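Shown below is the structure under consideration.
Chain lettering (A, B, C and D) follows the sequence in which the chains are written, and residue indices restart at 1 in each chain.
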Amino acid sequence: MCPGSDYLKLYEYMAKETFARYGIPVPAGSVVESAEEAEQVAGSLGGPVALKSQVLSGGRGKAGGIQFAPDPAAARKAAAELLGSTIQGLVVDRLLVEEQLFIEHELYLGLIIDPSTRGPLIIASRKGGVDIEEVPGRDIVRERVDVRWGLFPYQVRSITSRMGISGRMARQFGGIAMSLYRLFRGEDAVLTEINPLAATTNGLVAADGRLTMDDDSAYRHPEVPDTHQRTEIEEKIAGLGLSYVPLDGRVAIMANGAGATMATMDILEHFGSRAMNFLDVGGGASGEKMTEALKTLAGTDPDVILINVFGGITRCDEVAESTREVYQSGALRGIPLVVRLVGTNEEEGREILREAGISAHHELLGAAREAAALGGGTATGGDGDGDTSQ
Amino acid sequence: MCPGSDYLKLYEYMAKETFARYGIPVPAGSVVESAEEAEQVAGSLGGPVALKSQVLSGGRGKAGGIQFAPDPAAARKAAAELLGSTIQGLVVDRLLVEEQLFIEHELYLGLIIDPSTRGPLIIASRKGGVDIEEVPGRDIVRERVDVRWGLFPYQVRSITSRMGISGRMARQFGGIAMSLYRLFRGEDAVLTEINPLAATTNGLVAADGRLTMDDDSAYRHPEVPDTHQRTEIEEKIAGLGLSYVPLDGRVAIMANGAGATMATMDILEHFGSRAMNFLDVGGGASGEKMTEALKTLAGTDPDVILINVFGGITRCDEVAESTREVYQSGALRGIPLVVRLVGTNEEEGREILREAGISAHHELLGAAREAAALGGGTATGGDGDGDTSQ
Amino acid sequence: MAILVNEKTKAMIQGITGRQGAFHATRMAGYGTRLVAGTSPGRAGAEVDGIPVYDTVEDCVTKHGANVSALMVPAPFVHDAAFEAIAAGIEILVIITEHVPVHDAMDIMAYAEDRDTRVIGPNTFGVIAPGQCKVGIMPERVYRRGPVGLVSRSGTLSYEIAAALGESEIGISTAVGIGGDMVVGEGFVDLLRAFEHDAETECVVLVGEIGGTAEEEAAEFIKTMTKPVVAYIAGKSAPPGRRMGHAGAIVERGRGTYEAKRAALDEGGARVADFPWDVPDLVASCLKD
Amino acid sequence: MAILVNEKTKAMIQGITGRQGAFHATRMAGYGTRLVAGTSPGRAGAEVDGIPVYDTVEDCVTKHGANVSALMVPAPFVHDAAFEAIAAGIEILVIITEHVPVHDAMDIMAYAEDRDTRVIGPNTFGVIAPGQCKVGIMPERVYRRGPVGLVSRSGTLSYEIAAALGESEIGISTAVGIGGDMVVGEGFVDLLRAFEHDAETECVVLVGEIGGTAEEEAAEFIKTMTKPVVAYIAGKSAPPGRRMGHAGAIVERGRGTYEAKRAALDEGGARVADFPWDVPDLVASCLKD
């Protein structure tokens, strides 16, 4: 839920490979990385094709990321244009080349985890092809699934009946829904959507699909590639097992606990500054990891680094040791450091910092105000409660 | 439960193939149908072998159906002796040739459906290798499984703890129990046993196994062969979809409903006679089927045929038509016929029989007494309540 | 009052347009059962003998207040249909269909337990409160109304006994078939308890068979009952049934034979008839007591 | 009285011989919690700081009457351990472990519902009734006993607020972390209801975060409460979280943002603090009312 929480989104072509594995009809096609390959695939498909940029962002169609080609030569040309282009800052390095579908009608079918009912929820509509949140509520059918027993054919019949589809289309939709639920459970998905689920002369086909996996279940699915697109810094901090999200401000933050880190960001913003990142070292990260994380933060060239630790499992002496080590290593190259340190082993931590010549705040308010002032903020907003502990 | 209820017992080698498919360790080996094959398999196994007659009856070992051979030549000789021999009336036409196990200890593991709790029940013991019903109750561990959720590792740990096994053996036992439960559910078994589950220097191995399937689920398992061993007559009546079991008396019986058929048998016995078969034509069997069944019964050369129908769904007029047809076809070749006919369309049925010259009883008592007298009985037992309806 | 069903019961049939379903819809309605609706997926809007047909059980419940369903779909569809009925809030589910896979039956019973649905069957002739309501396939004319509860594992044998009682002018409050399968819903004990609490019932007839331990469990319960029980057990002369191997014997623990059942029922205080035709006299003597 | 746990609670730890388990066993027992036992399969007979170790939860329940369990096994084993605890009759299961697969969490919550077990977490710091019982990993010294119920989605932030309350000499009846995952057991509403019925609690502090709809659902419930609620929501400045696609928006229906949560809580009658350090003053004014 918070910026640090992480889900594994699969590329369209991976989602479709998974759909096919569960018996859900998908268009014939292959993923390619060059214009030559695109021409070959188009040739073997033997008809007009669609070339679809494989990027993990919405609005791909509007951004020109999907093109159509009547023959292999045109496919080659289109592929050459698409490959290497960027969509919302993401470089297109792969295309899915598929038979072009001739769609009579577009349906929607999705499965998601509903936190309120603590179980899977099917969302279906006879009005697919657009973002489902733009479909009026009366055209959306929901059905809860009981994880004890799974999805039943009678539920699927109820869904199709409420959707207003019948006959062969309803039966095929039902089969796809049953398969999609098996996939959802079997693959540990947190979200999967088929949109549009296209009605063609050959029946229903998953024309586009989305599949988002639960990172916490990755150990059960070693075959699923890690599709997280990370910068070098993100890669480095992710490698430490810490939660990191780059943001657009000038104050680098290291805090413990996702909620506390967000609160730190909020307070900075209140003082007219902005966080440069979200970095949560909570949950008992080791001193070495904090040291590495701090050095990495320094490398992002912030105006100031703010360390905000309320020690629980996280021990203040370990935080102080890491801070001193980075401070004394010269890695900060003059970047100012603001520390707020309270909680477990607070006295030991303060002593370590004092020896190193670093002063530490007791109160978050004072620390945030100081950091905000150094990070382009006004340091005057807020309710004016001064921090007098320094 | 009744003589007519039917389960599909698999041969040992089929059970072991299924075990292996679910990851349960079984001895290396193959099924053979000739002495030459036995020699070949023994050669490729490369060590002493066991040759095990594949028959669906207990007591195979005591009857000499299992032999051991130190080398391929001896295996050929033993196989030649076993093949074609009979065990409890069943001809041995297949042998399972396996590596001979050197067993340190024998455990027991079984899964069965417990009608009282309406769910699966695991039965386990550290004293395997003998019939489990001969093991004292204190050495038997039971664990119910919740079909909603399946078998949990914690339950398996509890089982092994109560069995008094630990360490590697307990972990391996646990894995096998989990696999056996998956098999039980996945294959629609009503019973499966591994006995002995042999502890060898290479760990636990399913040295012998039993797997009994639910006939009513056969449509879900088209790959499972029909192993029912039937006589020609059984085959014929099973082909009509009726329940038939040959028995050792002289009175052929056709009745409707399993309970009513058993009650008919009981009454015959009371009058000093015995039924020659159990044949249940209940559940709305068609006239043609009853005609075929009656002709088949006549072919078993009974002393008398007793038809006992209390018509519910079964219509008396259809029973009467079938009876007349068989009677007039000459298929009875003088075998006396005793009919008791009441219930749905009784009057029409009696009229049909009357026209054909067959008299019918109203009361079961009188019919059974008459049939028993013709079938070697005393016709005098019982409480002396005469049947005066004739 | 009868147990399970009565003149207020709003019955429905799942699979009402099938051969069996349509035939028995006519007979049940003809008997006076309040048969309010039926299902047949894809056939919503049709009628069977004037009874409306819907796609879903939920429609039958919300539109007609159906609370008891007779399930008559083919065996491979029973699992789905039973879950549908239970999820829709059906109170008593009567599974007529035979040859239901036993693993499906286990699932159904577990779900029914979760939702407090009472299941009769599978492989049952159903339940009848003579003169009030028939939810099943039994030959209704053999039942006369009266003070005897009848619970049976087998169909024809119980018809025979009901008819014999009727010929002796002894009537029945409710007759129920628990079903002949290895795994069934309501068992002898559940129904004996219901009869024990039913004001109309004065005496109960239990018709059992060899195999399993249902009769032995019933015998234990009979010890606690105030009402007399007459029992008949079929299978005295039968060879040992096809037993479930040695593990089956572990479950039965020496029970399951005619002798064991008879001894348990005798000890439990039931009066055990030697023959079906002895039942009316034993019942008559109970009713006199 | 506190909610969930108190001085009579008989606590146990699943995974007591692990690094986390052993560390927190010592701290929990040192706090005065009646920590009666722990499990570690294969380690039965061992002791951790004098606390007996068993193979199974059942042993802890039958031999020591454990009724609350803190689950501290690694994420891949949580599913099994949770089912074991629920089957053994544990009343309150506190799942400390983080990174539990969400499909496992759904299964656990369904089973807990079947057996009426209350689950706290997963990914929670646990529950503490200051001075009486600590079942979790929170820094116990920040909690002072008093009339305020504290319920939070995040750990450190709630420690911060508990400490701030303590510095203002405001104590806590019970502090509970509902857990930071998508699927958790007891939610804000369940715990607000418990505090509403708890005689000792006079005011409740709710610490929320952006994302999901738990705070909005809480706001609806707060309307029905007699006790005042003070809320703080983190994430005002955060960019939209990584949303669960458009279908996620369907579930949230425009809720989930800071603005939506704040508006809902305001409308529900909660007093919403702008900063963590504002909470004590708002609570103090509530307690004066």
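In the analysis below, a contact is a pair of C-beta atoms (placed from the backbone, for glycine too) under 8 Å apart; a residue touches a chain by one contact, two chains touch by 3 or more.
Since the model is a prediction, treat every value here as computed from it, not as a measurement.
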Chain centre separation (chain A, chain C; CA means) in Å: 56
- prompt: Any idea how many Å lie between the Cα centroids of chain C and chain D?
  reply: 49
Field: Touching two or more other chains - residues of chain B
entry: 148-149
- request: For chain D, jot down the residues that touch at least 2 other chains.
  value: 107, 114
- prompt: Which of line, ring, star, complete or other matches the graph of chains that touch?
  reply: other
Message: By the document's touch rule, what are all the touching chain pairs in this structure?
response: A-B, A-C, A-D, B-C, B-D
Task: Going by the contact rule at the top, pick out the chain A residues touching chain C in the complex.
output: 148-149, 152-154, 157-158, 161, 166
Chain D residues within the chain A interface of the complex: 75-76, 98-107, 109-110, 114, 125, 137-139, 142, 152-160, 163, 180, 182-184, 207, 209-214, 217, 234-239, 241-242, 244-251, 274-278
- request: Flag every residue of chain C that touches chain A in the complex, lowest number first.
  value: 41-42, 44, 55-58, 80-81, 83-84, 87, 107, 111, 114
Field: Complex contact set, residues of chain B against chain C
entry: 1-3, 5-7, 110-116, 118-121, 123, 131-133, 140, 146-148, 185, 188, 190-191, 193, 210, 212, 214, 216-217, 219-220, 247, 255-260, 262-263, 265-270, 274-275, 278, 282-283, 310-313, 342-344, 363-365, 382-383, 385
Query: In the complex of these two chains, what residues of chain A are touching chain B?
result: 148-149
